[in-house]
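In the two complexes that follow, chain A is the common piece, with chain B as its partner first and chain C second.
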Partner chain A sequence: MKSSSPLARIMSVPGMPMTFVLIITVVVFQMLNPVFLDASTLGNYITNGIPIILITLGVAIVIMGGGIDLSVGTVAGLSAGMTMFAFVNGAPLAVGIAVGCGTGLVFGLVNGFLVAYLRINDFIVTLATLNIAAGLLVVLTQVQPLQGVDVPGFPELTKSDVFGIPTSLLIAGAVFLIAQIILAKTVLGRRLYAVGISSQAANVAGVSVPHVRLMSFAASGLLAGLAGVLLASRLGAVQAFLGIGYEFIAIAGAVIGGITLAGGSGNAWAALVGGFFLVTLQQGLRLNNVDPVYFSIVTALAIVFGVVFERQVRRVILRTALQRTSALSDQRATTAAASARSAAAKSSEGNDDEK
Partner chain B sequence: MMKSRTLDIATVSRNAWERLVVDPTLGVISLLVIFSLIAAFAFPVFYAGNNIYNLVGSSITVMILAIGMTIVLISGGIDLSVGAVMALCAGTAASVVKLGAPLWVAFLCALLVGVIAGLMNGFLVTRVGLPDFIGTLAMLGLASGVLYIATQGVPIIGYMTSEYYVIGGLEPLVGPVTLPMVVALVLALSAGWLLSRTRLGTHFFAVGSNAVAARQSGVSVRWVKTQAYVISGVCAAIAGVILAGRNNNVPADLGTGYEIQAISAAIIGGASLMGGRGRVLGAVLGSLTLALAINIINLAGVPSSFQKIVIGAILLLAVIANYLSELARNAALRRRAKRDSQASSLERTKKEI
Partner chain C sequence: MRANDSVSTPAVLEARGITKHFEGVTALDDVELSVGAGEIHALLGGNGAGKSTLISIISGVTKPDRGTIHLNGSPLASSGPFAAMAAGISTIYQELSLVPALSALDNIFLGREITKKTLGLPLTSDRRGMEQKVRDLAADFGITASELGTPVSEFGALKKRAIEIVKALAFNPQVLILDEPTSGLEDAERQVLFGYMRSLRERGVSLVWVTHHLEELFGLADTATVFKDGRRVDTVPVESTSAAELVNLMFGMDSEEFGGGDASRVAHLSTSAGSRVVLRARNLTRGTVVRDVSLDVREGEIVGLAGLAGAGRTEVVRTLMGLDALTSGTVELDGRRLSLRSSTAAYRAGLAMVPEDRKQLGILADLSTAKNVSISRLSTVATAGFWISAKKERALAEKFRTRLGIKTPDVDARIGNLSGGNQQKVIVARCLNTAPKLLIFDEPTQGIDVSAKVDVHTLVRDYAANGGSAILIASEVEELLELSHRVLVLKNGRVVGEVDGIPAAIEAGEFARIKSEVLNLSAAGGAS
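Let's turn to the complex of A and B:
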């Protein structure tokens, strides 16, 4: 990579190509409808998008470790429900938040245990827990209506701002920063990439693969729980079908951001960009009076576009790098050949012509 | 191919218990029997009136989807779009009937939509190179989005002709037998024949067990996988036509949740997500098991909101049972290898003597 140009080096970082696409999308929407970047709309759309983006980060972490987590959406919904359930029954702020995050964490640990230690296919395990979480939320809403609570400080999680920056954005920013530091700078993070690239090689290298897998699912569950708490705070009431279909957006966001499903590559930024791209798309379409039913089609097309785009960018980078190196080696070969020829000519100066 | 993969231990093992534990189809049969016994003892209503008859009727849609899903799973893929495609086909059939076209035209249109969806899945997975579940997840979004836009969220009604009551299974065909039952039987038999007796069937197993080896043996992996998705699309279309009749209306979210039921039925029936393993009989019995479990919880008076939890739990139980069965299979193989080596060493010593 050292021989490649600065642009190619930037573009080969996961998430960077999509960053440019995101900027272009924002500019286009802003030109179509100048309300798009108004302070109030912007704050609103960012606050709305943050739970989805946190879920996207969770899925992205699991994907980096070579797995998949389909349960994140409904687990976030259930966590929101559990938080409200705690508040309805008189829990203080901290307890409610802990209950929400804890619900997510428990689901993450169960997923992780089944996948990592019993080695059951992650797709099936999380499909099953998706349904279990969705079902539990339905049951929970039938036990008690999950609304009408007045816990001081809870709505402020999403409805206040600090120096003009929405509080939830600060929370999300801190989470993404921590996640990126863990991924890039800690042993656990590096092991996650190792497991994602090749679990066998990681195992041979002395990494406890099940432990790393378990931790990735636990992180995903915890993030889904946090997303659920923020969802509950923003909505103020939890309905039975909250969170269904979020996994679709989250996985799409991770893939669009440039996290390859094969595992072993990606970063927190890619998840952030991919998630924000879909949220922006949704908001932009809404502002331009496009029927929301088109969104699932747009998401579907965005997945295909994202994967193909990412791969195309990578292919171009690889090709230019190859051309560069081959040009370099050609050059070297020709200079070597020329010097050899001149040396040969020098040595044969005294002899007779060979040709 | 199939026999050598699924029956390797079952055929060589003389121990009946070992055979029961390692053969997935026998496992699901025993699950079915245990569930029925529980139902019979706990709820006398189970065998009363039309309960079992209704139970079989209600399992048909999932059964047809699960047959297609099994073929996709065998070829090493997964089709998440079956529910959405089924709903789209149901919507197509219903709207074409509503336009006044004859029934066969409506069914051809629905079938066409199913085939196109299957081809698109195959294209996304084998040509664009998306992972199976991402490609079909995109197809899910696409198909459900199209149906939402076409219906604007209002259920399609007013297409139920008298023939359609027979097609949906609301009116029996001959005696107690309904048309969907006949369709499901024919589909199951032809899928079983396809898998065990034709070249394409062998190719499905080959591609699912080891795509690289299959390609090196001259099998067109891309085309075989595309065909698996087309078969799944056709099954979704047939299920959609039937469900439109059974349901009396086609809401935009008709297919939601059917993909998990179809996958669950196929997995319970012994199909493996790693590809190369699965049985049509297993899919049929798996869908019956699911319907039976839902029936039992209904009889027990558990609110229907628990249905999702139960389906999820059964799916988890099924994969854990598969895991245990895999352990048992490996243990049996090891025992057998040990016995063989002992026997051969015994023979060697005999010869030496």
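Let's turn to the complex of A and C:
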């Protein structure tokens, strides 16, 4: 609203507080080790991080709709495996990519159908499909080694530049842009937020909650599939346990970015920033010769810090907003009820101050 | 008249000057209550009268803004549910609060287990000690020793009530609060429960009993206190009153709010509705909550649904909206059979609903006012059916803001920040934006201030005057009659009566007659 300061307004957008933390993190790592922002290392770490960040976006979309998707990591791994499997068996470039993305989409649709239409708890459904995808990848690697093929154009997805910008970064950029446009500008995006805020109220307002749920899981699956294709391109070979644990980084990244697990808020930028923060953190530790065994501990601590930071920023914004609205209703208090309401608001502020 | 006059024993429980506001709405206004030893004291009143708030304050769950609770003449030293329980006030809530997987015994002692020392530490619970302590008490309420060891999930509603009573009595409370204890019980079971209540009275326990069923009071309750709009209306000895008198106390006219003249009430409601039937519902049945309900709504007609809490009014409209599944029955809108499969299908067919419980079911709190208006029919603000135009959306909200008098500094502001009355107008705007053939208003003025109430009444009348058809649910009978052409009275899920030609009757000065007709049907109509 008009009277709020520009900074408070910017900071109230999910993802913005974390954007500043990300910038500070990059600056600190650059000061510690000037190699950090060299073109070669930078391009490398961005390319490495992109699959994780696409997965983060997928999970973020499900979370915004009030759900959770644990299967994204292993579905990405299986999608990578399916892409390689297609190539090993002679598929051309487009077919291999379609097989990878299609694998993710099928898992997303199955998750969505079970959650939305059969009303099975999403935690349980995606925990099951997480293990199904992981198991299928193991089976696949035993059928045939998923490596050693040279499909023209495939490695270039992650190993080439367009005007100095990594191709995979361009792909990811386009995906995030499209996702953000769908979230902010379309009927489907609007319904996703409505369901996330309150599936009950959305249902009473005539929103088809199952349809929205199905679409959110489908999007998450498709993004995991795309992430798998890029993983396969970068690695050139797919091992049996690819993707396990990625879901942890993805969910954590979404939450750190400022997408609350309660649902109903967030945007694509928040997922991007949150995911990139964790990727950056690991890269920075690596460049500063920190033993990789400490990565998971540092990552976990960063998650706790990030969530507390987000909440504190939000709380400060909420408090100033509350003071503004009560001042506003003071001016406009024409009925007895209105003045009683502002009195109630004041007394609750008073309580806050006491704490 | 004070409760003390009718009961010879001194007061055990007293509430003095209790006042409580919730977000500007006065839930309780300087309320007094006095309950003697071994007295069954009924609390009566319509929805939102303040009964629930009062018992939640007495049981320490809610903190009053002003006023104190006294036990045996001295104020309760500390607040909170545990302090109240320790002082001797126990509460049995309407929703059962037992843990289904635990045995009856474990439930009774949950959180206050008797322990015995193992290896010098009080680690294990002393099951035998606990069993001995409650065995006789449990037997008094029909629970055998073997049932004490059975998981609660295996018992029916009556047995669960009995376990809750034993749970409360195991710690010798002086006051036991019962919130709608008969809900979910069959008739025969109710009689058993009433027997338990009598034996509690004989033990000297003071009972505070919240109920909506007036016929249950007689021959059981000693005293009844009636609440309305957060105020105590009166306290009367039950043996010297009648159901009709209590009904009048519960729903009696508030002169401030409604003015006096009968004829002026319906200035905007045309006396005759159109003849074309818009909605035709037949034999709607949903389990035991909606039983064989049939209703027609004609063009330009407002059909009111009357009845006490739990009569099945909201349940009927929820089935129409496809929110709850029907067991059997059919619904036609403009001659076309509805699928009743989902709310989405209902809106598409031309139904819309302003739901009860605005905060939970109505508003999408974190979205803006404009986004709350458009959500039920986004195609009105979208290009090519999917691309939302922020400009169109804002223009739509501005149109309704002017038309319905929604007071907000900015249609882009969060709806959660608006007052209740303005939130409700936004929900009405949301429904009107779908251009419904039939609009359902479920308690449209619940929890909103007086001036917003008048505005919402005007909206409903204008809607019908322009040929719109509506179903209206309102617990306040005056409100219902002022806004309805015809009223169906529900009780226990059935239609037990119909009052037609209401605008004409009011114009003829017969408001009081039709009001008492509706009230008597609500409270006592039909076989239960």
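One rule holds in what follows: the second predicted complex is superposed on the first by the 320 of 355 C-alpha atoms of A that agree within 3 Å, B and C clash if a C-alpha of one lies under 4 Å from a C-alpha of the other, contacts with A are read in each partner's own complex, and residues count from 1 in each chain.
By definition in this document, contacts are C-beta pairs under 8 Å (C-beta built on N, C-alpha and C of every residue); 3 or more make two chains touch, one makes a residue touch a chain.
Computed from a predicted model, the values in this text were never measured in an experiment.
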Which superposed partner A:T186 touches (first chain B, second chain C, both, neither): second
Which of chain B and chain C A:S265 touches, first, second, both or neither: second
First (chain B), second (chain C), both or neither touched by A:I251: first
Touching partner for A:I132 - first (chain B), second (chain C), both, neither: first
Partner chain in contact with A:I197 - chain B first, chain C second, else both or neither: second
A:G206 touches, of chain B and chain C: first, second, both or neither? second
Complex contact set, residues of chain A against chain B: 68, 114, 118-121, 123-125, 127-132, 134-136, 138-139, 142, 240, 248, 251-252, 255, 261, 291, 293-297, 299-301, 303-304, 307-308, 311
Touching residues on chain A, where the partner in the complex is chain C: 1, 185-188, 190-191, 193-194, 197-198, 200-208, 211, 264-265, 321, 325, 328-329, 332, 335-338, 340-344
Of chain C, residues touching chain A in the complex: 21-26, 321, 323, 342-344, 346-348, 352-353, 355, 360-367, 371, 374-379, 382, 385-388, 407, 409-410, 413, 417, 419, 430, 434, 449-452
Residues of chain B touching chain A in the complex: 78, 124, 128-131, 133-135, 137-142, 144-146, 148-149, 152-153, 260, 263, 267, 273-274, 303, 305-313, 315-316, 319-320, 322-323
